[in-house]
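In what comes next, subunit A is part of two complexes: it sits with subunit B in the first one and with subunit C in the second one.
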Partner chain A sequence: MAQPLVKKDDDRDDEAEYSPFLGIEKGAVLQEARVFNDPQLDPRRCSQVITKLLYLLNQGETFTKVEATEVFFAVTKLFQSRDIGLRRMVYLMIKELSPSADEVIIVTSSLMKDMNSKTDMYRANAIRVLCRITDGTLLTQIERYLKQAIVDKNPVVASAALVSGIHLLQTNPEIVKRWSNEVQEAVQSRAALVQFHALGLLHQIRQNDRLAVSKLVTSLTRGTVRSPLAQCLLIRYTSQVIRESATSTQTGDRPFYDFLEGCLRHKAEMVIFEAARAITELNGVTSRELTPAITVLQLFLSSSKPVLRFAAVRTLNKVAMTHPMAVTNCNIDMESLISDQNRSIATLAITTLLKTGNESSVERLMKQITNFMSDIADEFKIVVVEAIRSLCLKFPLKYRSLMNFLSNILREEGGFEYKKAIVDSIVILIRDIPDAKESGLLHLCEFIEDCEFTYLSTQILHFLGIEGPKTSDPSKYIRYIYNRVHLENATVRASAVSTLAKFGAMVDSLKPRIFVLLRRCLFDSDDEVRDRATLYLNTLGGDGSVVETDKDVKDFLFGSLDLPLVNFETSLKNYEPSEEPFDINSVPKEIKSQPLAEKKAPGKKPTGLGAPPTAPASTVDAYEKLLSAIPEFADFGKLFKSSAPVELTEAETEYSVNVVKHIFDGHVVFQYNCTNTIPEQLLEQVTVVVDASEAEEFSQVVTKPLRALPYDTPGQIFVAFEKPEGVPAVGKFSNMLRFTVKEVDTTTGEAEEDGVEDEYQLEDLEVVAADYMLRVGVSNFRNAWENMGADCERVDEYGLGPRESLTEAVNAVINLLGMQPCEGTEVVPSNSRSHTSLLSGVYIGNVRVLVRIAFGIDGPKEVAMKLAVRSEDEAVSDAIHEIVASG
Partner chain B sequence: MARDLCPSVKNILLLDSEGKRVAVKYYSDDWPTNSSKLAFEKSVFTKTLKSNARVEAEISMFENNIVIYKFVQDLHFFVTGGEEENELILATVLQGFFDAVALLLRSNVDKREALENLDLILLCLDEIVDGGIILETDASIIAGKVATHSMDADAPLSEQTITQAWATAREHLTRTLLS
Partner chain C sequence: MLLALLISNSVGNILVERYHGVPAEERLHWRSFLVKLGADNLKGAKNEELLVASHKSVYIVYTVLGDVSVYVVGKDEYDELALAEVIFVITSTIKDVCGKLPSERLFLDKYGKICQCLDEIVWTGILENTDKDRIKRLIRLKPPAEF
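Right after this comes the complex of A and B.
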């Protein structure tokens, strides 16, 4: 038989595609495997056949059950040979075949013999193979040998046993846990990798015992760990211990920080990096703690190794999201990376710069990015687009150049996700920066002239319908929209018809022309387009008379469907065709399970086109909608502010309740979000009894109890209070949940007839001054400050007493006032002894308030501040001082 | 969960200059089928093809994985790890594999040589990572473990050639002298 593995040196050059496995075929190789059964084994030949089998498996070939069994039995014969090379191939082959339990028994004795061989290589490999293929029962038989192997003098054997232990811990934890004495001993090994594997296993054995892990870390951080890999492990365990103990240490230094910092001076780069990364990821890391880590990462930025540069810039990029000031020192190194050969590094560098840069550098950066956008992949482009969007929101004055950039890249080639990211960004900019609206809308109009994505076209048309009519010259958009009716597919055409109707409804002067256009659509080839055109012509009164569009029509065109779509769908499905038309009012409005997590999301998240603007785009809108649906609250006026949910129960109690404070001019509404976490209970007549004796200015007016609160279905209870109009009244409220509880048979889900009345004490709730302050930023604080003038300025100085750090003091004051920090002044540069924060907000009664606070810290950490408040109303300025004085 | 703390390798790939497999080894379930593996290899190969990873190892991200790669002649070496993995640890694994292969193929590192010595390459992979856990990263140790192709010391002489017998005898002698 031919020997393909023999080198054919002579035909090497003329046969470019030469491969020793050329024309290899599974059937033939399986035939060749018969040599394993020869009485006189040829080790070399057998090795070659095994290599061929492995090659086939590696190329993705599969063996049938019968084939695999046959090969397996043949391979077991090869244990007779004492050729080391062949034996190693046998080990590999057995691992690849992953034999079944009854097959394993055949090789067990051979492998156990090898486990006790004098040859280290046999011992190590036999352990790995046996542990890979074994099951629990066999493990007890070989446990003794494995324990011995863990403390074997030969590091390869010890490592093999330890690594096998790590794998076995997943399937047979109770057995592996018995080895901890041996593993402990192996941690002290002189061999670097043995120590690494032993440490890995020991930690996993003890992972559920926090105290033991903490002890392990304490003893090892003092000792010497030899291998860099083990040191990396230790750093990871240390940060875990720090994370878990963080709550207990409010003051003083962080435990183990010194160890992490020491690792920054290790000689292995992987350890330095691991430590630097661990420091940047510490909870609430301070600038002082960050500095040494940033310094080593900065050195990595100019390394000749791409991997090092990548690792460093990726970490700094993450740091820049939370501590932009800390990263600014690296800006020069970062800029040189923009032209890095490795585009991943360049992209990360650019986006980091966009996060840390100041207003003046925007234009220069944009120029550099423009040069480099064309030669990076779409996924990186999306990263850049997102960075630009946040930059634009940070520096609204620069919207012009940023918007131009976005519109330029919108015209270039790109996939759907990329284009969607750009369009989303433009939409967000239009919504948040009024000045950018007109130019942004025109960019979008131009884009849909030549847009291959139906989804994007319809979304943009929808958005145009909402925003277009409100612009100074709505007529200029009509051409773009009507072009769609001619040129696009039916989906886009229908969408364009709806948009035209919205213009018609809002802009009376355009009405006659819109009617003409809509009438033309009546001849469209698609029935949806025709239907829409007919519907709109009728609702808008397209019979020729130009009348002012009444409120109902506007509601119909612009109002959102304030029904949960799920409920709507169910109702429609249940509707049986009859004389009686479907009544939309019969659809229940209560949302079955309220997405609490979504409401807890901090602040306004930029929502792109994904969420249509009429849907609850932000929590405030959602709350407004929720409250306006309750008739009792209808005359409370406009909702001023809704607080973040405050938990009134501990986590994992029987009933979980949190509360949202809704502030109106003359009222406060508490929205209690309740969840019943007991499957065996149904609560009925659930209400919250509020004692407002410590809130004198408030008097209770309305309570909206819940009729029923079944298991795991959140419900809301509302309690409304009247308070003096426009006055920021404060007070403390104690709450008691009162209800009738009924037992539920969990198997049938039916509740018993009779219930028992019960009460459940909730935590107290406070209305504080910050509840009357809206976090509203200004784009240019200095301009705003000067325009406001000093007429109603109030300045005073306060001592804040000893504070842990300046950052802590700044955050405390910002939280107390509930105002929006401007121009990134909430971040205190490291090692600063003084700091100025600029805050902006809107106080109840719609009074804009600007605050400038100069903080100073002296030796024993005494913090003092000078607070200057400007607003349109003296009383409000005084009120702000009042907040600080009483806080 | 704690398993995540241990540095882990998701796969090691050795492809040729057309992106075809020379030898690959997967340690994670991220790519359950052969076709998903091939798709990953194809995407990684085409996206790294143009980069210059011949002097220093290069790095990129694919589908939330870090891929570190280095090329020599018509061979492309890749090591993949999770998004949160320490890049430098993965780079050390790649370098260990790369250098060990160079030692084993006696610096004549190309596809043809690699295929002709595929047994060595497969053993090499086996010595570097076991089920995702790094076994060894020192190239000379890895190559040393792979290259012990001598006879088992306890083997009967009949199976040995004269030279092998000589070597065994010499080894025996040294061991007796040392112990």
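Right after this comes the complex of A and C.
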């Protein structure tokens, strides 16, 4: 609530010290509202009372149903007054009160009268009020007037009707859609704001009709748009049209690009920005297209207006994610923004610099950031931490200074989310950069010595249990872990016990000492801690002597729970305590619907603790579990690779199907993820008929059809093929979905007895050479290259023919090979004539492969490359050359 | 969509608060978030100097005007630049109504009129009028001068 003003300095002029609403109280104001009922209305007094009511409502005060009704009825009496100021207040008040449907009737006739009034402004306001309080039936009654109002000469009336239309489209779309002729006319209005509102409404009405939107854009980009706001909308709609038509016009000039580029010279900054942003977000934007947009954005970086600086740096930040080289020209301007008073701008500048910086600038940047970190809020710090994590993965050689930075900020004050972001980052760096492991683990150990967050302590302990025993000197971590048993709460103590047990299981020489520590835990005050200690003492075996731990015990300690947690939970809930112990084998292993990881995997940020190592691996884990639950695939051996889902249907078709290719040594399994998007249908006996006539080396061995595919419940069909073992066979497969379709009564949800057999053609699918390559990076390419040696090196030169740009050629080769680019070498600096990419991967049969490709481009865009392959097996080196030669 | 318009006094008490498309249960969070944002950053800011922030996919532009702080929150087409336009209309209208930079007292004295102006500027989350002279006429139910 607002409080009375604090007493001001004496020398301030004589404004009264107290708020006019001092001591305002709802009951009293409601009493005062009785003046609305006076036969002789006092407009001034009535306006004052309404102001008080508005003040109360704006303070979050609420009226009970009775109070609101009473006020509403009283306010409607004020329509009798002819005082203009009071009428304006009445309109406002009715909107604020939002009367219920049964009350609206009282005021409808007065408003209808105003809506037909000769006074334009009565019309405009009455429209706004009516549309706010109206329902469908009333709307059909006033529709005629609204259509007239849209094309009213008075811009205020037209705008009122158009904005009401935007509002009503949410609740009564079928009515508003009937106004499109009038709205179309309003788009041509000479009044700037009318055009803006009309354009917004017209686009919303037609948004699902691509052709109509395209026509709208085509006509408006040729004509004149009066308001900068409307011009911005037009640019947005234009980008939408470009996006949707992009696929068909890959080769030629991009449609509407000239329009966007022209907008970069508009006089309104808002329009310039919108155009620059639209250009930077074009699919597959080329550096030639980007340059003019980046140039205007760079100018705005040094603008005196913070909003412009913010908008510029925000856009460049986004560009830096996909085209870091295009942004490097702006680095100097951006560095000066690090000290910008507006911390949002400074944070964006820093994170952009982190994305565009090169290896040599890392140290300098880190110095600047250190000063900056102390005076920003946690949410900004998290953004910076995430940017540093990406930078470190990009330049693994710089891990030392970046890891030090992370450990320093870990020691400083901060909230949970911030600390979690730092810990997650350290964990990811440990996993991805082997050299960083030992120092990273020690930083985490030091952190848990003084960590106030139970969640983080337990997660770090869990991680230590997995990674610690694999280090050169595991014993040095024991002290930190055992300290937890003395100093922390029960949850952390229990985690520490588990971690100790893992060290005991993995490091035989430590086992006797771990036993001593675990025995001490038997006297803990908490039963979970004691139980764990007892359990581990019994399972580790050997009674504390230096013996090797059983494989079963290791599996028990380190293996993942091979059950879907949901199923496990249900089974446990259904279990009734009895003589018979709970049997874990009774838990069903089948996963009912598509695994979540698969849906979320693209674009998912790598999570740190708690998740299995890095995002792709977590998907692989999910797939492995899924496949291992199917007995027919049991003898296929270990899953080598699962591809990203490939769509076999277009978006928004009746049935949506994508496929994941699972590669095994001697087999390939296609997992068809199917979704039925028609509520009125139930599909049964769903299978995919695969024609492998263009894939000679493959022969179909198993098909696992789907018994039923109800609406909106994804299901999976599997088809397995045998192929020559260890051979990277390729081929093309055509697919047909075959099923029995049954009508479903959507009201009861019951399906009819009889169904009809039907088929649905899916897109073709290819198994390509890249499917046999795992994208696995190396932290230090040069070391890895030297270590691999030149024994199995194969070098050859290739001409790639005419190409759009060097970048396009580099990406094509990387995609062809399916390998992981290292050290940021997938990015080609703009205007380069030559470039070297370093790639790493693991080829089927677990053979590590490193590739060094030198690209060059000459005048007529002819690209040539020299490909050097090193691997542990010369046959594999040859195979890589074959992929390129045949690709 | 213009999600929120909030005006507070110098110590963070709310004077005007309007939301559109923000669920009731989230409003309190927004209120405290904005007030904290102002408390952290508006100290020492010049009158009408715009500050800007983004939170998830939502943009915030805010400023100080005499004794009051003004915040606008938007998303989609109401990005930081459109919001700058909105806040410019709001501040110039308030100055116009008050006749000078508003003290809190002056703002509250003109409260009814300011509410009417805001109603002309932003309605159901959409920017409706951008010209202070026109708004001045509209609240007196006079048609725009150029018409």
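The rule we apply is simple: the second predicted complex is superposed on the first by the 582 of 887 C-alpha atoms of A that agree within 3 Å, B and C clash if a C-alpha of one lies under 4 Å from a C-alpha of the other, contacts with A are read in each partner's own complex, and residues count from 1 in each chain.
What we mean here is this: a contact is a pair of C-beta atoms (placed from the backbone, for glycine too) under 8 Å apart; a residue touches a chain by one contact, two chains touch by 3 or more.
Note that the structure is predicted; figures quoted are calculated from it, not measured.
On the superposed subunit A, the two partners subunit B and subunit C do not both fit; they clash. In the superposition on chain A, contact of A:Gln204 is made with subunit B only, not with subunit C. Once the two complexes are laid over each other on the shared chain, residue contacts for A:Leu229 go to subunit B and to subunit C alike. Applying the stated contact rule after C-alpha superposition, one finds that A:Arg128 touches each of subunit B and subunit C. After overlaying the two complexes on the shared chain, residue contacts for A:Asn154 are found with subunit C alone; subunit B is out of touch.
Contacts of A:Ile166 after superposition on the shared chain: both subunit B and subunit C are touched.
Once the two complexes are laid over each other on the shared chain, residue contacts for A:Thr51 go to subunit B and to subunit C alike. In the superposition on chain A, A:Leu365 makes contact with neither subunit B nor subunit C.
Residue overlap on subunit A between its contacts with subunit B in one complex and with subunit C in the other: 5, 18-21, 47-48, 50-51, 54-55, 58-60, 84-85, 87-89, 92, 95, 119, 121-122, 128, 132, 156, 159-160, 163, 166-167, 193, 197, 200, 229, 232-233, 236, 269-270, 273-274, 305-308, 310-311, 314, 342, 344, 377. Residues of subunit A touching subunit C in their complex: 1-3, 5, 15-21, 47-48, 50-51, 54-55, 58-60, 84-85, 87-89, 92, 95, 119-122, 125, 128, 132, 153-156, 159-160, 163, 166-167, 193, 197, 200, 229, 232-233, 236, 269-270, 273-274, 305-308, 310-311, 314, 342-345, 377, 379.
Subunit B makes touch with subunit A in their complex at residues 1-3, 5-7, 21, 23-24, 34, 37-38, 47, 51-52, 56-61, 68, 86-89, 91-92, 111-112, 115-116, 118-119, 122-123, 126, 130-131, 133-137, 145, 148-156, 159. Taken together, the subunit C residues at the contact with subunit A in this complex read 9, 11, 13-18, 40-41, 49-55, 61, 77, 79-85, 103-106, 108-109, 111-112, 115-116, 119, 123-124, 126-130, 138-144, 147. Here subunit A touches subunit B in the complex through residues 5, 7, 12, 18-21, 47-48, 50-51, 54-55, 58-60, 62, 81-85, 87-89, 92, 95, 117-119, 121-122, 128, 132, 156, 159-160, 163-164, 166-167, 170, 193, 196-197, 200, 203-204, 207, 229, 232-233, 236-237, 240, 269-270, 273-274, 277, 304-308, 310-311, 314, 341-342, 344, 377, going by the rule given at the top.
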